[in-house]
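Each of the two complexes below includes subunit A, the first together with subunit B, the second together with subunit C.
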Partner chain A sequence: MSESAETTSKYVLQTVGFDARFPNTNQTRNCFQNYTDYFKCITAKGEDFAPCKQFKKAYNSLCPNEWISKWDDQRENGTFPASLEP
Partner chain B sequence: MLQFLSLFNTIFNDAPQPWQLGFQDSAAPGFTGIVTLHNTIGFYLIVICFSVFWALFSIIYYYNTNKNPIAHKYLTHGTVVELVWTITPALILIAIAFPSFRLLYLMDEVISPTLTIKAVGHQWYWSYELSDGCYRFDSYMLPESDLELGQFRLLDVDNKLIVPVDCHIRLIVTGADVIHSYAVPSLGLKLDAVPGRLNQVSFLVERTGTFYGQCSEICGVWHGFMPIAIEAVSTPQFLIMGR
Partner chain C sequence: MTKNYIKMNNKIKFQYFPYHLVDPSPWPILLSFSLLTFTTGAVLYMHGFNNGGLVLTLGFLLTSSGMALWFRDVISEATLLGCHTREVKNGLMLGVFLFIVSEVFAFLSVFWAFFHSSLSPAIEIGGSWPPLGITPLDPFAIPLLNTILLLSSGAFITYGHHALIAGNRKAAIDGTLLTIIFAILFTGLQYYEYSEAGFTMADGVYGSAFYASTGLHGLHVIVGTIFILVGFVRIVNYHLTKSHHQGFEAAIAYWHFVDVVWLFLFLAVYFWGGA
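Then we have the complex of A and B:
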């Protein structure tokens, strides 16, 4: 029991909250919007800017890993289908 | 109700039985709502069936040619009866629609989740991603040769999805190749896994246990061999396992 109490204090169960822009079952755009927002944010403010991390958390929670790696490749090749300019 | 009964050591039915006709036991508020709605509508079904068949058989019995030699061929209209048989069904439909919409929109609600789980349908297995904790695994059906005593043929998997009880969980479902469908009856889940689209549902498990489901959209030759198994554990235990 003491072990479980210790664990509870160390690990926080937390995930991205409800977003009023995406109230429906379809969350595709929620994932994509957070992905683009993150890269827009770090282009404007730099990677160390703390508020940008919220977008990264959100798209990591929502997007399938396969999608993220595909979009990462597209960004590297310059074929990402959205503007990442802030 | 079921939770109260569990004080008396009830055995819950969380997997399908041979020749089962009823529902599995509910482990989530959503499914309890679905069963209640089913019972409510079943009440109207019985009332309507009895009244229609009673009217039909009494007309056949009392107004056949032997008992009624005179044909009332000018009796073609009755305002009162027409009003009754138009308005009554409308009221019955409203009485069915309101609880139905209420449940529909309640189940749509995503209540500030504590955990996001992504389930991806593949031909022919499910893979899970818990990116809040950087965790990913595949879940394949156990072949018959690997089954141990007490495990379910065609339902048990090598890696079960472990979830904490009494936590609102967001489930994001998508497909990697073709359309699949993520369904777990005891938790009231059924959500299409469409490639290129993320579908979201929220659920809450009310008790510990292992819950089984199957892919519910024909997805290829091994559609019947990609089951879903969810094990609900207490939150402290979940956190220990996550470590």
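Then we have the complex of A and C:
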């Protein structure tokens, strides 16, 4: 139990800051851009490359979970609508 | 006695106004029902209902034959009965231009659909235009050739029109015939390009927007070609004179409209939308 208390205390609830590319209230494109950028990033630099995690944080904060699982499925089936080549 | 009778008869038939009071005709009501059948058939067919294609074909045949029979009457009134006075011709030409304005707005709606989908592509197509996996047509291959063909046909019809006004029968026939040949070449090349294209109307918004816009234009090219063909046959048959050829001028106006729409299609859909 002490471990879970520790993680809870370390966990920082954080939303993404303002991005000048997506000034509108609707953040759909912001979410989508970060999702594709994350997979481009890890393809180029590997999953352990720390700066890539920023994209993952951003899309996890912005995207509805339903969309993320839908896009994960699409990537597996090769039907994701955007190129993920860096 | 006979002379008196002719005098009397002319007096009775003389019209003190320049307008054409049309005779009762079955075509308006027939065409109303034909068009209803045509549109209903189109909806049934496109939504996959049973025998939708049959209703659509019936509607098309009724509408086109109804139009042919109506226009045949108009030709009789114009060429044989002399009903088309200057005032009547003004009214007809006003009708033609109002019709073309309504066509402009029909094309505006498909252009709107195209720009709606392409200027800010949805994330469902990956936020890019053309979408991933679509290989657009090269605008500088057949589409550029078609632009040249259509613009040339516009020049030929002007040549034919001016020859008609000048009373040069041979040049009028040649110019109009060349227009028709170039128009048919255009349609043939569009057909070839459609059959070679790597996308269909049903596989995404790119194909839908592409075929809806260029297809609507293609239909107008076919109608315009038939319109000019009617003018051509009427020149050959001595229906049209240097000062009385309203139907031909309507066809010319329609053809130029179709030509201008193509230029916008070429710039927007083929060149900008395919890059």
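One rule holds for everything that comes next: the second predicted complex is superposed on the first by the 73 of 86 C-alpha atoms of A that agree within 3 Å, B and C clash if a C-alpha of one lies under 4 Å from a C-alpha of the other, contacts with A are read in each partner's own complex, and residues count from 1 in each chain.
In this text, a contact is a pair of C-beta atoms (placed from the backbone, for glycine too) under 8 Å apart; a residue touches a chain by one contact, two chains touch by 3 or more.
The model shown is predicted, which means the values in this text are computed figures rather than measured ones.
Asks: Using the touch definition from the top, say if A:P81 reaches subunit B (first), subunit C (second), both or neither.
Replies: second
Asks: Given the touch rule stated above, what does A:T28 touch, subunit B (first), subunit C (second), both, or neither?
Replies: Both partners, subunit B and subunit C.
Asks: Report the partner of subunit A that touches more of its residues: subunit B or subunit C.
Replies: Partner touching more subunit A residues in the overlay: B.
Asks: Once the structures are superposed on A, label A:V16 by its partner contacts, choosing first (subunit B), second (subunit C), both or neither.
Replies: In the superposition, A:V16 contacts subunit B only.
Asks: With both complexes superposed on chain A, which partner does A:N60 reach: first (subunit B), second (subunit C), both or neither?
Replies: first
Asks: Which positions of subunit A sit in both the subunit B and the subunit C interface?
Replies: In subunit A, residues 28 are touched by subunit B and also by subunit C.
Asks: Inside the complex, what are the residues of subunit A that reach subunit C?
Replies: It comes out as residues 28-29, 32-33, 36, 80-83.
Asks: Note which residues of subunit C are touching subunit A in the complex, please.
Replies: Subunit C reaches subunit A through residues 123-128, 131-132.
Asks: Of all residues in subunit A, which touch subunit B in the complex?
Replies: 3-5, 7-8, 11, 13-18, 24-28, 30-31, 60-66
Asks: Would you tell me which residues of subunit B are touching subunit A in their complex?
Replies: Residues of subunit B touching subunit A: 108, 110-116, 118, 120, 129, 131-132, 136, 164, 167, 170, 172, 174, 176, 191, 196-201, 235-237, 239-240, 242-243.
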